[in-house]
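For clarity, chains are labelled A, B and C in written order, and residue numbers in each chain start from 1.
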Amino acid sequence: MPEPRGSRRWPWRTLRATAFPLLLLGLFEATARRAAALGSEVLAPPSAALRALAQAALDGSLWPATGFTLGAAALGLLLGAGLGTLAGVTLGLSARASRATFLSIELLRPLPSVALLPLAMLVFGFGTGLETSLVAFGTFWPQLLLIQAAVRRVDPQLLELGRLLGLSTAQRIRKIVLPAIVPRVFTALRLGMGFALVIAVTVELAGNPHGMGYAMLLAQQSLAPAMMIGWLAWIGVIGVLLNTTMLRLQRALDRRMGVAV
Amino acid sequence: MSAPDPAAGQPAEPFLRFDRVAIRLGGKDVVSLARLDVARGEFVCIVGPSGCGKTTLLRAAAGLLRPAEGEVRRNGRLITEPSREMAMVFQDYGRALLPWRTVDGNVALALEAAGTPRTEWPGRIADALRKVGLQAHGQHFPAQLSGGMQQRAQIARCLAQRPTLMLLDEPFGALDAITRQGLQDELARLAREQGLTVLFVTHDLEEAIYLGDRVIAMRTNPGPGRPSLARAIEVPIDRPRHQLATREDPTFLRLRRELFDHIERGHA
Amino acid sequence: MKSAWPASLALLAALIALWWAASLTGWFSPAFLPTPQATAASLTEGLRGDLLQASLATIGRMLQGWLLAAVAGIALGAAIASSATLRPWVQPTLEFLRPLPASAVMPLAIALYGLSPAMVLSVVAFGALWPTLLATVHGITSVEPRLIDVARCLRLSRAAFLWKMGLPNAVPDILAGLRLSLTVALIVSTLGEMLASQDGLGLAILVASRAFRASELFACLVLLSLIGLAGHALLVLAGRWLLRGQRH
């Protein structure tokens, strides 16, 4: 049903968007304070989490862990999305290759990265390699599929135009196909960034003793609920910041490339 | 003969009346000082170039938007929201039909909305489909039909409402010429048989003269002293009309020239 | 369109042959690259006993969590989407929550509920909720403006609009959301089994890796992949059936 008009002006819109989460935070704060008063060691109010987080930021323990996770995620994404894009373009362009690889992809794609963790641990041991390889595996498949679909969706009329203009196949790829898929590559990359962060944190939760996930796990195991929730919130903030930045970049790119915003 | 004032010379209680209607969109007057009386059973066409506000005017008649000034009344009653006595046919038929329902299902939507008893549905649906010649396609989905058939399906849904007023927004604009001609004749026949009052919007001068009892020319960029509905032309050609014969009729050609000159002169 | 099966099967066979050749060279330690035959043997043996049980446990957990998430996601999504007053308050928060990793909630859940099947199930459902919820909201709010005009002309009530236009329009989106939810459900199930030592393929993988039983580990991976494949394929088929006749 149509949206009520007139309520889109700036202060009102921000107020409305933040009212609900603030309400939830408020409820959380109240519940956690009561639990703490009753001696709970597992729940902490957001205010305490914020304090713990600020403390970690000030004393420098926040940054190495954040850096590690982001670094491993970025590296893995570069590898996984990079290869995925190449493979996606290739498969998108060649119907024969697409048909041949269909079953193999469908069998390998559903494997959760986390299921490969023990195997990867045998190969890489703890550290960056473990995380990067798993992030790469996890981001490769979505990227492959999205780019393959994007290439297939390039307007056939544009390709025909290329043929009519006498462009060679390589030229057609370079001048028509690749520019046409750039917005979708970007979207896929943005989604991939989200996956990369999730996989990295998950790998840290499941055993890799580095990064934000591990820090959060440590806090939980040492019964420091404020720090645990602080880390959880921090991971969330990072995820949202990354996504928002990518969205802005994507909009700017769309505008530059003439895609309807 | 042409009457300069579209609102003059009509019976005291018109079926549909636009009384000095102004509609503002985005701060601009898209429709200004529109005055129009439509008699019951009359077929009125509104012509004008793109952007002259004819769709906007139609939506005001449908109750889909409220005028900034003036009133639209049907049967004396102020129109503030849509009513099921009025049926609207949209140009983009593909987007006005439910793609997940068959033609039968789409026509049934009108009956569901009106709360018609289920027992009556099969009869009313078959009736509506027969009137537009789609009786063999009830089980098809819109995606399986041609453009002309989809538009007919939309008309069938409107007819199932048993409306007294029909509003059509460039309904044949997206169709090829041959299909368009066939549907023009079907619409004229239906309007006559059902005694419908029709407000038909188009940018095609010939279509407007062919179909209408009266043709109103609408101007873009109206303003003070330049009302939207600039000129009315009566079409005294007998019905039923014929695609070939009527279009070669001297009266038709004269009206066509008149309308063309009027619009070409920049809606003077 | 030519069938993909012959070429696909051929490539798969070639890859397995490559795998076999690689395992024969001795460059890769059998601790982490078993031979295809050994994997197949572990698979058949395991399916007669504990691997079957583990598979069923994982499938059960995945399906239960997914079903809970599907029902809640569609119901909540429909509620949020159909209230024009509620939506602007809630939707920004939902968009905000979209990129958050569901698995990161696991430590909190462990802290609150301990290591139990219920804890894992709740995190699975929580993680699987978002794709379906967001897809439902998107599907319902993306009804063609022209159809909204038609609804207004026909004076459809809000409930009638939701049932006759909003939800049917949302079906393709909801199906895509459900597919994503199922993927998340499988991932979080596996993670939960590993972290909380719950019966399932995740735990079986952990156990196999610690005992250096690579062929068993690979057998578990094959089973996981088949489960994911089957779930996805079933949803795709369901989607095709639901959307038969329409152009999408």
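What we mean here is this: contacts are C-beta pairs under 8 Å (C-beta built on N, C-alpha and C of every residue); 3 or more make two chains touch, one makes a residue touch a chain.
Keep in mind that this is a model prediction, so the values were computed, not measured.
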Problem set entry | Mutual neighbours - chains that touch chain B and chain C alike | none
Problem set entry | From chain C, the most remote chain by mean C-alpha position | B
Seminar exercise, completed: Cα centroid separation, chain B vs chain C, in Å, comes to 50
For this session: Could you please state the distance in Å, as a whole number, between where the Cα atoms of chain A are centred and where those of chain C are centred?
Result: 17
Seminar exercise, completed: Cα centre of chain A to Cα centre of chain B, whole Å, reads 51
Exercise. Of all residues in chain B, which touch chain C in the complex?
Worked result: 62, 64, 81-84, 86-88, 90, 92, 95-96, 98-102, 109-110, 112-114, 141, 143-144, 161
Seminar exercise, completed: Interface with chain B, chain C side, in the complex: residues 144-147, 149-150, 152-156, 160, 164-165, 168-169, 171, 243, 245-247
Exercise. Can you list the residues on chain A that touch chain C in the complex?
Worked result: 1-4, 7, 13, 16-21, 42-43, 96, 98-104, 106-119, 121-123, 194, 197-198, 201-202, 205-206, 213, 216-217, 219-220, 225, 228-229, 232, 235-236, 239-240, 242-243
For this session: Enumerate the contact residues on chain C facing chain A in the complex.
Result: 2-5, 7-12, 15, 31-32, 82, 84-85, 87-90, 92-93, 96, 98-108, 110-112, 148, 158, 161, 183, 186-187, 190-191, 194-195, 201-202, 205-206, 208-210, 212, 217, 220-221, 224-229, 231-233
